[in-house]
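What follows is chain A paired twice: with chain B in the first complex and chain C in the second.
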Partner chain A sequence: MKVICDRAALQEATNLTAGVVNPRSPRPQLACIRLTAKREGAGGTLTLAATDAEISLRLTTDEVEVQEEGEALIPADKLRQIVAAQDTDPTLTLETDGEKTTIKGTGSRFLIYGFPPGDFPPIPDFPKPEAAADAFSASSEVFLQLIQRTIFSTARENSRYAINGVLLKRHNKKIEMVATDGRRLALARGTVDPGASKSEGGQCIVPTKALNLAQRLLPTAADKIRIAITDNQIMFAFDDPDSPGGTVLTSNLVEGTFPPYEDVVPRDQDKKATLNVETLSSAVKRAALLTNEESRGVRLAFTGAQDKMLRLSSRAPEMGEAEIEVALDGYEGEGIEIGFNPAFITDALKVVTGNDVVMELKAGNKPGLIKSGNDFLYVVMPVSLQ
Partner chain B sequence: MTQASPIQSEIRVLPALVVDQIAAGEVVERPASVVKELLDNAIDAGAGRITVELEKGGIELVRVADDGAGIAPGQLGLAVHPHATSKIRSTEDLDRIATMGFRGEALASIASVSRLSIRSRARGEDGASVIEVEGGSASAVRPDAGPVGTVVTVRNLFFNTPARRKFLKTPTTEQGHCVDLVRALALSHPAIGFVVRCDGRVVLDVPSGQAVRERAFAILGREMETQYVEVHADRFDDARGIALWGLAGLPVLARPTARWQHLFLNGRPIRDRTVQHALREAYRGLIEPGRQPAALLMLEMDPGAVDVNVHPAKAEVRFRDSGMVHKAVYMAVREALRSTDLTAREDAQRFRFEPVVNGGAAATGKSAVGERFAEYFERLVPDAGTKNFDYEGIKRTLEEERAQIERENARLEDERRRIAASAPDAPEGARARTPDMAGQHGLVEMRPGGRILQVHNSFLVTQDDQGMVIIDQHALHERVMYEKISDRLAAGALESQRLLVPEIFEASSARIELLEPLSGLLERLGIDATPAGPHSVSVHAFPTFLFDKKVEPGAFVGELLERAEADGWDRTMEGGSDSAREELLHEIVDMMSCKAAIKAGDRLSEQELDELLAMRERVERSSNCPHGRPTAIRLTIRELERQFGRS
Partner chain C sequence: MEWNGRAILHVDMDAFFTSVEQRDRPELRDKPVLVGGSGPRSVVAAASYEARKFGCRSAMPMSTAMRLCPQAIIVSGKHGRYSEVSDQVFAILERASPLVQPVSIDEAYLDVTGSIRLLGDPPTIAERLRREIRAELGLTASVGVAPNKLVAKIASDLNKPDGLTVVPPERVHAVLDPLPIERIPGVGPSAKRSLDRLGIRTIGDVRATPCETLVACLGSYGEEIARKADGRDDRPVRVDREAKSIGREETFPEDLGDPEEVRRVLLWHAEQVARRLRRAAVQASGITVKIRYGNFETISRSSTLPEPTDSTDELYRGSRVLFDEWASRSFRPVRLIGLTATSLTREMQLMLFGSSEGSGGSGSPMAAAERAADAIVQRFGKASIRRGATLDAPMRDGKRAHDRG
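Presenting the complex of A and B:
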């Protein structure tokens, strides 16, 4: 293999693929990136592939000149460091000789000992729609928003594996993504294009790591991405079907049962506050200044439909107290006091679009509901107040 | 029931000897009881120096010689008569007992079960007199030669009561009891010199005229001076009527039994639950639950405020106002501990750091240090031969300890795995840097003063004005969490986060039933758990800060119920005292802080390191984790210099 690569394009591609690699993998081959150079017409493509045995990513760049086709298997961290360090070079030349790869820049030459490319596990191709249990396509903009609106609510390292991922549920054109860590739940809705899919839809749980990678790949993806789901895997194709190679992310699904989230969304909230997102966010952040590890909660006191005020207060023993007052855009129902973890509120406010949110409440020990339009719902459980 | 009783019963008056022998059973159980009675008498006689001789652990011979006032020849006969005593004259005196012995039955009791002889010369007399008693019958008093003072010789203890003799333990054990007893009395009477000879060998020799502190370390061992903190309460004036001096052992000295506790009331060694409890309370959080602190406490109070005539051996007393005593002890000890840096002090003699050999140290360092720790603690174990032979008690203690060790081992195993998982990073980094530094500077990287080094993501190394301080990050953080949660609890219930969907876990019906009696406790701790069926429990709310530390509600409450069942917490909640319930609350806070704390193997950022150390300064009693293990070890400059051969 011999390729001359645009350094910036190569750096971007190596950074993304190296993100998949588990540097502590017991198999050194899995800590590598596999490079595949192909000549196509006048130019050619370089495909980078990496896997951590759960998730695999294949990424293709055409900003290369392939002088000789071939393959190489190189330790990911070294490749990434070298490409990043040669930052004054417009191009780098990669040439392989057996398991050894030489990277040449201006006035520098690196020889890296790699592994036989055949040692690398096969990376699956994006399946044909008929081979998958479910297949559909979605606007990359919509899909990015679905991820952003849910991923922050996932649990981390919870022994209930199901909630360490995001639930993806499709019914015809409608798609819902749901994430929860047991204390709050985020639900985002959108529409997709089921295309010629033979099924009405289905549901699966996608690992957070895979969606994090997708989140990084989506801004540069084609307008429409394709998604296919098989028994135990989900696959995303980020490029147009007719573009050569293409970027494909494959991930094993999370096994387990997602909590019955429909039952958690409260339906009989009798107090409704309409708030400006900026105002609420700023007020919560200020009240949170005087909280600490043992006294996390911020008290929200809604005065009622008459004066339409919200008084936020916090108190950390031995530290101090804060009191913030803001005016509400609207309020229905009686006054109420309720305590929340301030981070849970600001997390949600970061991902809503539009100027206003509606906060619906029932009682101090019952869940709160935050709504933004019809496509974002957020359930947050209160904390006890002194 | 018309059958005749197997015993031919006819009521009759017992002969005097039998009466004495029965009385002797209460006072004289073993050679140590003899030693005790004779020492009491010698001390009361104003002795300046007392010699105790033992043969075969005192079974063959106990001889106590003093240089006290002595007994006039005319009184010798009376001395061995029951209830003859020079110390009390009327019942009023019983209210104000200031002398060691007082019941007037000691010598007669001993005389009834041994071959006793007394040789005494009272001050002002020309010569000594001797009386011999065998099995209760006394010889005539005859003159003899000898110095001023009294020598009591007791031979062949229990020669005429073979049943009692059979109950004696081996001579080594009996000797241990005797020596312990002399030690105790020597502690409380620093002005008196004591010599103990066992089968001709001197096992204890302390001079007369010592100060209390001097005597204490003469008995405990000179090397223990750095291991104890002095305790004072000179509060004669504040109407408590109690004065206290003592030594409180560093937490590392704590033992499963109260053997290292020496309690004295007005110079008399006592066992007292009130004082023991006050001590344990003062050490709460500093030593593992179930362990007993090492301490020496001398209480002085108005003899009228205490009843010592409760038990023939006078070991137990009854305080008129035990609450006051509890408070005085607790406050004094706690104050002393609070104002002391309890960082375990590494003594050169007992803790040897070997010079680090290039290369080899990294591979073997961990286990070698572990071994040295083990050695260190082994040396602290009390001498063999003087063990408490309460077999059932020891067995119980061992079982408790084993359970504790198993719990701890499981946790350590967890940590080890975590460290192993994070380890590959460290050596690689180290290898990459070392040759470079050696080449350029030939020096180990210097860290500015106050900076902290994290070793193997487990230990922190820093310095203070005395030398180098090594901190166990988990233990320290655990301690910090414990204090924070305890403070928060004092202000009210812990902040609690409700769950979206209750977390359900399986539990036996016995454990589910514990939820009811524990509900008050759980509420204060911010836990809302209810039975969810015959075999499951659901958790509806859980403390906010535990969530933040990724502690899972179901697993935690499950473990809590498991311990509640094993330790019978429901009984404590229903029938226990307020302080027992409070203790339980703190036990759960212990559990919480352990789960919430940084683990060994967790990499800390520079900022986190700074924060943790800053908290160390702020938090009271940060020198031990709530389980009582030390959070930090100090290696003094002096010790480092010694190790490098500079001194």
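Presenting the complex of A and C:
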């Protein structure tokens, strides 16, 4: 294999693929990126593939000149570091000799010992629609928004409520994604194109790590991406079906059942506040300045339909207190006081579009509901304040 | 007795571990008994009064103690048993006041100011506690009664064992003044030497010395000594509910060389600390693991938990990560291991799934199991139910399986 690569394009591709690799893999071959060069007409393509046994990613760049077709298996971290470090070079030349690969830049030459490319496990191709249980396509923009509006609500790994994934549920043209960490729940809706799919839809839990990668791949993807779901895997194709090679992300699904989220979306909230997103976000952030580990809650006091005031307050022992007042654009119902973890509120406000949100409440010890249009629902449990 | 102002009791069980042994095993009565290991590097965890006559003291190397008193009987301590009896002692103390602050397994402060109208004057309350401990548990306690914690602590030591010392507010100076300065908690050999150079030997001498002189001699510590010599102390009796942290630690009679053994003690600590968190209705956002080597070098490792918790599993998981991180790189035999829950909060994040009344995941089966176990412990004592993995934990127990408030 001998390839001259555009360095910037190679760097982007290596960064993305190296993100999949588990550097502590017991098999050194799995801590590698497999490179495959193919000649096509005057230019050619270079395909990079990586896997951590759960998730695999294959992506192709055509910003290369393939002088000799071939394959290489190179440790991911070294490849990534070298490509990043040669940052003044417009191009880099990769040339293999057996298991060894030479990377040449201006005035530098790196020889890396790799492994036989045959040692690398096969990376699945995007399946034909008929081979998948469910297949559909979605606008990249819509799908990116669905991820952004939910992924922040997943639990940190190893915490008690870690589901380690986001629920994806399709019914015909409608798609819903749901994430929760047991204290708040984000639900985003959108529409997709079921194409010729025979199935009405279905649901599965997609690992958070796979969606994080998808989130990084989507901004440069084609307008439409394709998604296929089999018994235990989900696959995303980010390029036009007719483009050569293409970027494909494959992930095992999370086993297990998603908590009964529909039961916890409150339906009988009798207090309704309409709030400007910027105003609310800024007020919560200011109140959060006087919270600490022992006292993280911010108190929200809605004065009722007459006054239409929202008073936010916080108190941190041995630190101080804050009080912030904002006028409400609209309020229905009686006054109420409720405490929230301020980060839970600002997290949600970051992902809404539009100027306003509606906050619906019932009681100080009952969940709050934040809505933005019909496409975003956010349920957040309060903290009981002293 | 007319009592003005606060009434504080300091209750200190007499030679607790050896007394429990002598009570449980009649053949040990009236004999010099040492609790501790018999290995070459073990230390005395506790010495009976009979052994103390020979100069044996706790924390002394066992070999030294055996030289002083070759006829002493060495008993390897039984942690579970001491904890169980300790629970029974605290159950009696709680009859006198809800304000009980555990200092260690065998020592506590009580604020009985609010109990006087119901139970009688403070000396009567103290005498009654001593009587009940003797009648129900067959053990003796020494009690100091005073207007504050400092004086109560000094007083409980004045007529030990099996003594009651009452220092009413108007008698504080009369009682303290003739005492040697080392009776003041915190005055160690070096402060004693410095004061000795000024000709100060008794607490009364300190009071007769101008504060500036003390400060010139001892720095800011001089002010503290002056305050203590004056018998002033306004620290409240803190129950766990108001504590800044809740923890416990344990010194082993011999260094533990097996990390797995240490982990079992850590689990036992986590269980006790989590129970105290739940009882106080607080959750912890941080934990600290303290490790001491045989040479007294001490390190501690802290971390923030992913979410505030009062669950045994979460505390154990967090402390285990800290311990394993240390152990994987630099394990050395451990003399003491401690676990403290920090950043306590009474705010409860309510949960979406499960019960609506809050307390992190109180709807989960594990939380329900923990509540049930708490109820059993409340009734039958700490040894009645515990995690299987801690059953054979190496609790030869040092003098200090401290519950720290």
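Just so it is clear, the second predicted complex is superposed on the first by the 381 of 386 C-alpha atoms of A that agree within 3 Å, B and C clash if a C-alpha of one lies under 4 Å from a C-alpha of the other, contacts with A are read in each partner's own complex, and residues count from 1 in each chain.
Note that in this section contacts are C-beta pairs under 8 Å (C-beta built on N, C-alpha and C of every residue); 3 or more make two chains touch, one makes a residue touch a chain.
Fair warning: this is a prediction, and the values are worked out from it, not measured in the lab.
Using the superposition on chain A, decide if chain B and chain C clash or fit.
Taken together on chain A, chain C would clash with chain B, as the superposition shows.
Does the superposition put A:Arg24 against chain B (first), chain C (second), both, or neither?
Touch partner of A:Arg24: chain B, not chain C.
Quick one: classify A:Pro382 as touching chain B (first), chain C (second), both or neither.
Both partners, chain B and chain C.
Have a look at where A:Arg189 lands relative to chain B and chain C in the superposition and call it first, second, both or neither.
In the superposed model, A:Arg189 contacts neither chain B nor chain C.
One more residue to check, A:Asn365. First (chain B), second (chain C), both or neither?
both
In the overlaid three-chain picture, which partner chain does A:Glu318 touch, first (chain B) or second (chain C), both, or neither?
After superposing on A, A:Glu318 lies in contact with chain B but is clear of chain C.
Between chain B and chain C, whom does A:Arg80 touch in the aligned arrangement: first, second, both, or neither?
After superposition on chain A, A:Arg80 lies in contact with neither partner.
With chain A superposed, which of the segments 22-30, 328-336, 436-444 or 616-624 in chain B collides sterically with chain C?
328-336
Report, in rising order, the residues of chain A that make contact with chain B in one complex and with chain C in the other.
156, 158-159, 180, 182-185, 259-260, 264, 293-297, 341, 365, 367, 379, 381-386
Any idea which chain C residues touch chain A in the complex?
285-286, 304, 306-307, 309, 311, 314, 317, 343-353, 356-358, 360-361, 364
Hey, which residues of chain B end up touching chain A in the complex?
Those in contact with chain A are residues 421, 424, 484-485, 487-488, 491-501, 503, 526, 541, 544-545, 547-548, 550, 552-553, 555.
Give the list of chain A residues in touch with chain B in this complex.
Where chain A meets chain B, its residues are 24, 156-159, 180, 182-185, 259-260, 263-264, 293-297, 317-318, 341, 365, 367, 379, 381-386.
Which residues, counting only chain A, touch chain C once they are in their complex?
Contacts found on chain A: 155-156, 158-161, 180, 182-185, 259-260, 264, 293-297, 339, 341, 365-367, 379, 381-386.
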